[in-house]
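Please go over the structures that come below.
Next, two complexes with subunit A in common: one pairs it with subunit B, the other with subunit C.
And then the complex of A and B:
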């Protein structure tokens, strides 16, 4: 029970000095991060931490993952480690909470899928991911625009007519904003086709964790070569220019989370194992 | 001393820089991080298996998608309750349904049998099947 288990963050290409770069990087539950190689002399490695089994066995994980504070701490630590690695080498991020009984089991995993991992790393070498989110400004509610109504009333309109007029103006400007957002989205996709090595769609952010002002209407990720990233970012941000009510937010660079799977979007097919 | 963002961007990707240049790190938006570490990245089976699509995590997933489960229900959004992949309740419902159907079929078969001749064949139905109990191998965890 007290034996630690091995938490794996990412599969990567080990390079000189990488282990030293991990010095002082705190992983999940503050644990130090180290590398496990597929085999001695092999450049294929995994970044791992030893974590307490009682927190990472199935039932405990299940419970913890429901706790947003715990999840946030682990997710941020997981991400921090992957960021630190991605600054130095090609990284294939593993999904949160990939846990092995010990380092030997990680070696076995690396060996079993070595070919797919190497292939994915060749594909991703020199590339990073950029997030592009497009927002439409939220329209103020008619009730909130009481001043407009009041102004209209002084113009001689009845309160009812003033309300309807405000409603019409509001609907019109919302339609305009959505049209403008679509235009921006098409523009961004065209830039992506022109410059990016990959394009992935994420779910729109709408819940309480969605912090961006406005309604999220596009939430995409693009895979870009290092040397094209700055230009991509400039061009994408420019796509909202002159479009009222539309805002574009570019995040990144990220490790290629959305493009890393060597098995396709759905992960390894259950029956594809030899 | 951190350099101003434009300089960092133009000098990117200098590996000597702080990991990612600008804008990320600990300040990154939690929703952006969660959608990547929970939904993206490579899925490989660890020894400790957690299906992140499980109903337990759905509560959190929903916090990303809709403001709250209660609010969603108010709005009539309850698709997850009918999706067997997402809801244990949906699973229960379909199990109950199946159970009812099977019972009905058994009843129908019984009646058919009573009407048909050859009741002496009943021993065939009472054969007991002895299944080898599959015992889990206790693995390396013990040593």
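And then the complex of A and C:
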């Protein structure tokens, strides 16, 4: 139980000075980060940390992953390492909690899939990921009190009729907002087709962690070459102009998390609602 | 674990606090999936994700997309 295991963050192309850039970077559980090469002289490497086996063995990991605080700490540490690496070289981020028994096993993994890794890195070189989220303003609940009620009453409507009218107005405004959001979404996708090297969809954001104001109706990721990113961002943000009730949020740049898989063209897994 | 301190703009990806949900989108459904030695299979990770969603999503089943969004990832070139 006292032997540590090896937590792997990313596969990458090692370049001069990269190991030094990892000095002082705290990985998961605060562990230092180091590089494991596929073989001596090979530029293919993985960024790893030694972590306590008792926290990262199967049953513990399964339990920990259900703990949002633990998950957040690991996710943020993982991300910190990816960002530190991506500032210097092309990285293929690994999915959270990819754990090996020791460094030798990581070397074996690098050697086994070396060709696919190299191909994926060539595809991603000079590119970063940008997130595009589209929101529709939430409609307030209908209440036939206050202004609307007062106005309706002065027009001689009964409370019941006033309520129905308010509902109708609300539904109309809601439909309009969704129509506008759809228009924005199509516009953004057209910009993506024009400029991006890749497009992936993520599940719509809902629930407590979804802190963005409004209802999330698009949660996508685009892969952009460095030199086109600024223009992409500007054009995407502009796609909401003149569309009432629609908001577009651009996040990034991200390391190419959503486009890293070298095995087939799979993006983020398709989801069905639980 | 607040990350490394760097002067702003020193790197293309400067340190900033990203929303946890955006990060989880990428770390739990993106990234390269390798079979490590501690075998949480891909299906298990999906289970984690789904149970997490259950934890943090209260109304997803009753709150579907306003229009039929394809959840199929688009082909990458």
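We adopt the following convention: the second predicted complex is superposed on the first by the 260 of 274 C-alpha atoms of A that agree within 3 Å, B and C clash if a C-alpha of one lies under 4 Å from a C-alpha of the other, contacts with A are read in each partner's own complex, and residues count from 1 in each chain.
Just so it is clear, a residue touches a chain if its C-beta (ideal position, glycine included) is under 8 Å from a C-beta of that chain, and two chains touch if they have at least 3 such contacts.
As the structure is a prediction and not an experimental result, all values here were calculated from the model.
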Fit or clash - subunit C, subunit B, common subunit A: clash
Partner chain in contact with A:163 - subunit B first, subunit C second, else both or neither: neither
Partner chain in contact with A:130 - subunit B first, subunit C second, else both or neither: neither
Which of subunit B and subunit C A:76 touches, first, second, both or neither: both
Partner chain in contact with A:65 - subunit B first, subunit C second, else both or neither: both
Subunit B versus subunit C as contact partner of A:201, first or second or both or neither: second
First, second, both or neither for A:218, with subunit B first and subunit C second: second
Partner chain in contact with A:233 - subunit B first, subunit C second, else both or neither: first
More subunit A residues in contact - subunit B or subunit C: C
Doubly contacted residues of subunit A, that is, touched by subunit B and again by subunit C: 5, 8, 11, 56-58, 61-62, 65-66, 68, 71-72, 75-76, 78-80, 83-84, 86-87, 92-101, 105, 109, 113, 128, 131, 200, 202-203, 205-212, 219, 226, 251, 253-254, 257-258, 260-263, 267-268
Residue ranges of subunit A in contact with subunit C within the complex: 5, 8, 11, 24-26, 30, 56-58, 61-62, 65-66, 68, 71-73, 75-80, 83-84, 86-87, 92-101, 105, 109, 113, 120, 128-129, 131, 136, 178, 181-182, 197-212, 215, 217-219, 221, 223, 226, 251, 253-255, 257-263, 265-274
Subunit A contact footprint on subunit B (complex, rising order): 9-10, 12-13, 15, 17-21, 23-26, 28-44, 46-50, 52, 54, 56-57, 59-60, 62-68, 139-141
Residues of subunit C touching subunit A in the complex: 1, 3-4, 11-13, 15, 18-34, 36-40, 44-46, 48, 50-61, 63-67, 69-77
Of all residues in subunit A, those that touch subunit B in their complex: 3, 5, 8, 11, 56-58, 61-63, 65-66, 68, 71-72, 75-76, 78-80, 83-84, 86-88, 92-102, 104-105, 109, 113, 128, 131, 200, 202-203, 205-212, 219, 226, 229-230, 233, 251-254, 257-258, 260-263, 267-268
